[in-house]
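What follows is a set of structures to go through.
Both of the next two complexes hold chain A, though its partner changes from chain B to chain C.
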Partner chain A sequence: MKLSARQLCFFLAAVAPAGKLVLMPSQLAALTGNDLLFPVLLQILVQAGLVFCVLLLGRSGRTVYASLADMVGTFAAKALCILFAAFLLFAAFVPLVEQKLLVQSLFYDTLPSYVAFAPFFLFSAYLCTRPLAAMGRVWDILAPVFLVGMLGILLLSVWSADYGALAPVGAAGASGFGRSFAYTQGWFFDAALLLPLVGKFHYRKGLAWKGALCYLLGGMILLAFLATYYGVFADIAVTQLFAFAHMSKYFSGITAMGRIDYLFIFAVAFVMTFYVTMPVHGAVETISEAFGRTKPLSAILSVGFNGVLLALLLIFNFSPSETIAAITERAFWIFPSFAAGVPLLLLLIFAVRHVTERRRHAN
Partner chain B sequence: MKNVNANGKESAAALKKLLPAQDILQFTFSDAAGREYICFFADAITDKDLLGEQVFRPLMGYAGEPETKEVAAHVTAPEVRTERALEKLAAEVLAGNPVLLWEGMDDGLIVGTKKVPMRAVMEPPTDVAIKGPREGFVEDVKVNTALVRKRLKTGELKIEFLTVGRRSQTSVALCWLEGTSPNETVGSIRKKLNAIDIDALPDSSYLTRFLSDRPHALIKQVGTTEKPDIFCAKIAEGRVGVLADGSPIALTLPYMLVEDFQSGEDYFVPAPRATFTRFLRLFALLVAIYLPAFYIASQLFKLQLLPVKLLLTIAGSIQDIPLSPSLEMLLVLLVLEILNEASIRMPKYVGMALSVVGALVLGETAVSAGFVSTPAIIIVAFSGIGLYAVPNLIEETSVLRLAMLLVAGSVGTYGIILLSALVLVYLVSTENYGVPLVAPFAPFIRRDLKDALVKFNLVSLKERPASLNSPNRRRQK
Partner chain C sequence: MRIKRFFRSLPMKIWVILAAILILTFFSNDFGLVDIQKTAIILAAGVDRTEGGFALTAQIAVPKGTDRTTGGTSSIEITGEGATVSDCLSQIYAKTGWVPKLVFCDLILLGEETAQTGAFDALDFFLRNEYVPDSCLLAVCEGSAADMLGATSAIDDTSSLALEKLFSDAAKKSGRVMTTTLREFAIGYYGVSESGFMPYVRMQPQKSGTQGGAGGSESGSGGGSGAGGGESQSEVIFSAEQTAVFAQGKMTGILSDEETLAFSMLEGNVYGGTVPADGVTLSVLKNSGSVSVSAEERLQATLEISLQVHLISRASPSSPENIATDEVTGEEEAAAEALLTAAVARLWERCAQADCDLFQLRRTLYRRSPEDYGKWKDTPLSEIETIVRVSVQGLE
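Coming up: the complex of A and B.
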């Protein structure tokens, strides 16, 4: 069963932004100060363009593996799929470490055992074995959950925000802007998450435009969040990790009613839980597609991938910030290589083949 | 010998061999021509007055030909059938319909004078309505089909009788509206019913496992109702109904989770009120599932969840409790479940005493003795009440509540979120007869939202739910 256009739009508008709320805001604040909106705006525009390209690839109704196998043969196509799955597993690491830190900070007052996060992998392994239709239906539910959660957090925070803190514009300079654009690549690879879904959604006329616009809409929500975040914390924004869980607590009603904002925070955290599984799900989808889709294979892959990630997470347990810094600041080039390079290259190859075939037909 | 023949005594002896039970009686009489008739009937489930009046009396004055057709014409009972196969004749006797055999017959005569003891049509205790019809199904499938036919006076209403159960030979009625219910669904249900090979079918609940696409599913996949008006409304929407003899609970398929948040009364009150009630039910259900779990998680792992004053009150009340918070909650929850189970099964008057024992002895005394804290009792009571806001989902939600509690006590709030995510994935993956369990929310079907949680005015509900794939989409102009 294929995904519907609506489900893809829901994912782009209301699930994808959930993965960028944990550590990225403080990273941006450290690199660009009050100019944090501009690099993100550029990232959103670039990703929206890439989302457009990936959705356009879906017009043929064929999966990326099938198209690659036609072009370069099955052996090479399988090798490329393995490489792409390896990238997705690598890309999964930042959201996973973030999620682990968030869980330890948000859900426990007392210091939990470092395996408290481990049950996540059981859930992730289960989700990876589910058919794609289930993922699409989950997005149907998550979209309103995220919108309600985010709206709630923003409404409770906006009273404490001083948006004047975002001025004057341009203080970070070109180098700050460039560095923050580069170092936030680890959070913007949504186009790559869509690649394993190519050929598995109903392409309707205008879907590429709609998808890109939905991504922009999600991007606007993210920008509104970042503006409010900086408005609330201003100069101390750098030190505010997991800001989305803290910025609403200054609302005056909280004192009397308790932390009612937790309802909205939990709603966003709930959506985040699903977003974090997306790269692993994509890796399982990619390999399953290349090596014959069977239930045992999907189960083995999902257990295997999640097991490997759990092991890596335990190995790097005591140096999470160094791990994130290594991925986002030193290995940042890997993300655009795959997230932008692969869709553009595929689109270029398709376009060349299309033109060649049309010429052949014309002759 | 498999069939009856012209030798009445020999046929009667063969039938008697098939019916050796003591409650199967034999009555012999002669007509005006001196021909001997042997009547087989089951004691207590046959209307003997009617049998004497409509069969014995007219035949005693009969002196015509012995052909079954002729004899049948002289019987004044409105329901008369003929049958040759001895096994089928025996089955009719066991069902309460007397069988007549005589010399010179070509077929046995079945007379429909069944009189099964049954209770009157009354309001079902599990589905009480303040506004709206009060009739409820009874244990007789014929009466139940009559209640359905009374509400759907159309030739499009098809009622097909099947027999399920090797020994119980239970009549099962498959009801649907031709042209409104998808043929594939009807065919699929019929096929599943015909494939059932079971000794006895005491209740329609036995059928639910056979009719589910996933028999081992953790959540129910067949809708149930005791009210004919709801049953007919569901059939009119494009569902298929199943009635089983001996059970007042009717089944409807395919089932969607949202059905249990709707009640018959929602359609007899203004739409805003119905919407409010539906949201209230959802809220009550969420409170029932999550409140004990969040209470435990907040105590053990995340104290900030509670306002400071409430936190101080709770801290004061739990300081001398010897049990850990999760064990304490588990204990109180277990007591509630036991009380609930016992009060349902116990005789009415003992049940009242049990309530007193439960409320006063277990509640008051346990708190004053310092075994459990007052907040734990309040939370479990609140959760228990919430559970009954959606009575058709009690089995599933009470298990889920217990699972949430265990996860909250071991992993904390994050465990609750993970388990909720797991449940969500499970629910959205479940389908029955091609209809997703969580429709119209996942997959999102905007048109069907008019009668999901938000209830639109009846005049706006022009089309049948798209999720049911009915071939006849329009229900009003």
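Coming up: the complex of A and C.
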């Protein structure tokens, strides 16, 4: 069963932004201060363009592996798929570390045992074996949950926000802009998450631009969140690691009613748990496609990938900031290489093939 | 058939079980269970400076019915010393065996000396700690914070709760107290203005017998004897009508009651508060205030207060007609305006003396134009030309 256009749009507009709310805002504040919106705006525009390209690839109805196999042979196609799956697992690590820190910091009053996060991998391993249709249904549910959660957080936060803190524009300069654009690549690889889905959704006319538009809509929600975040915390924004969970607590009604904002925070955190599994799901999907889609293979891959990630998470348990810095600052170039390089390359190959076929038909 | 149906629905069952496990582990917060025998729930923290660093006095909530009270929240104060605030907490843990839990800490009280020598080395720990809410209130107290937290309030058995009553939203709207939180104070300090404020708390002794009159609150501070017969005890009343102002993290001055009221009105906080004017008391129905800065040939600050008031009390007998209308005369409006204008002028002078950019004028300049900010940032407040506009109007 294929994904529907609606489910894809829901993912792009209201699930994808959930992955950028934990550590990225403070990273941006550290790099660009009050200019944090501009690098993100550029990232969103670039990703929206890439989403357009990836969805366009879906017009053929063929999966990425099938298309690659036609072009470069099955062996090379399999190798490329393994490489791409390795990238997705690499990309999964930042959201995983973020999620672990978030759970330990936010949902516990004192530092819990470090294995408290381990059950997440049970959940992830199971989710990764589920068919795409199940994922689509999950997005149908998650999208409204995220929208309600985010709207609630923003509504409670705007009263404490001083949007004047976003001025003056351009204070970070070109170098700050460039560095923050580079160092936030680790959070913007949504187009790459769509690649394993190519050929597995119903392409209807206009889906490519509708998807890009939905991504832009999600991006606007993210920008509104970042503007409010900086408005609330201004010069101490850099110290706020889990801002989405803290910015609404200054609402005056909270003192009288208690932390009602936790309802919205839990809603957004719930959506995040699913988003975190997306790269792993994509890796399982990519390899399964390349090596023959069988149920045992998906299960083995899912357990294996999640096991490896759990082991890595435990190994790097006490150095989360170094791990995130290594991935997002020193290895940031890996993200655009795959997230932008692969879709553009595939689109180029398809375009060349399309032109060649047309010429052949004309002759 | 049944087995087939069971296996068909198995994925959903597993899904539900896994989701339940995930939710329980992630969102349970250990089911919110706090072992009160092993945990020190800190309601307020007082920080004083010592020769070796700091002394942290933690006011810890204890289970009712131990020996201290028959009503309200019971608490004890434990002090730890160390080079840093964290060391102090470690000492409290070592002394008591209770794990300090700061998540319920709603007030950080700084001793006067701590505030004068620099607040941010004391506040550093609280800003870093993920489990300390940065929405907690800050205040400076006269003398030592340990003494103030250890004092027996006539209002509430737990001194921090009595203090927090002074910082309520209603108190803030009265214009008599200006409150700030850790977040707001840190934003002021780390911003270009490097200035901020905190309410300045004093305590006045209040002699009362154990057979208190109206309130009848008993406080068995000091442990041991509980409710002794005719013993009288020294209780205190707290007041926070003055405001400590800070420049570069150090307390550099104290605003008087009138200056605090003027500051509150400039911030537009007052609703229902009162203003004295020539033998009458006016109640504020609407308050708007602003402080703007212009940088042309020289810096000029405009401080504006606009109030809509009605008469609430007169010091001399009035006619029934006057009582019925609550009318404010032109003279009374003018008297209130003159009083507030003088208070605003004194407030400005005090800030200039303290070198405290209380109204964040440098920040306003910076946000408007970094060039202007660069040009004027070193101008002392005393050299800024000020225009004060106060408008007090009675109900039509």
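Everything that follows uses one rule, which is that the second predicted complex is superposed on the first by the 363 of 363 C-alpha atoms of A that agree within 3 Å, B and C clash if a C-alpha of one lies under 4 Å from a C-alpha of the other, contacts with A are read in each partner's own complex, and residues count from 1 in each chain.
Definition applied: contacts are C-beta pairs under 8 Å (C-beta built on N, C-alpha and C of every residue); 3 or more make two chains touch, one makes a residue touch a chain.
None of these values were measured; they are calculated from a predicted model.
Once the two complexes are overlaid on the shared chain, A:K2 sits clear of chain B and of chain C alike. In the superposed model, A:H202 makes contact with neither chain B nor chain C. Contacts of A:R179 after superposition on the shared chain: neither chain B nor chain C is touched. Within the superposed three-chain model, A:V103 lies in touch with chain B and with chain C [touch as defined at top].
Of the two partner chains, chain C is the only one that A:F233 touches; chain B does not reach it.
Touch criterion met: A:P119 reaches chain B and chain C at once. Of the two partner chains, chain C is the only one touched by A:S252; chain B is not. When the two complexes are overlaid on their common chain A, residue A:R59 makes contact with neither chain B nor chain C. In the superposition on chain A, A:A171 makes contact with chain C only, not with chain B. Residues 103, 107-110, 112, 116-117, 119-120, 122-123, 126, 130, 266, 269, 273 of chain A lie at the contact with chain B in one complex and at the contact with chain C in the other. By the touch criterion given at the top, residues 4, 6-7, 10, 103, 107-110, 112, 116-117, 119-120, 122-123, 126-127, 130-131, 133-134, 136-138, 140-141, 256-259, 262, 266, 269-270, 273-274 of chain A touch chain B in their complex. Residues of chain C that touch chain A in their complex: 11, 14-15, 18-19, 21-22, 25-30, 34, 99, 101, 103, 127-128, 130-131, 133-135, 169, 181, 183, 186-187, 190-191, 366-370.
Contact residues of chain A toward chain C in the complex are 103, 105, 107-110, 112, 116-117, 119-120, 122-123, 126, 130, 164-165, 167-168, 171, 233-236, 239, 241, 246, 249-250, 252, 255, 266, 269, 273.
Residues of chain B touching chain A in their complex: 301-308, 310, 411-415, 417-418, 420-422, 424-425, 428-429, 436, 438, 441-444.
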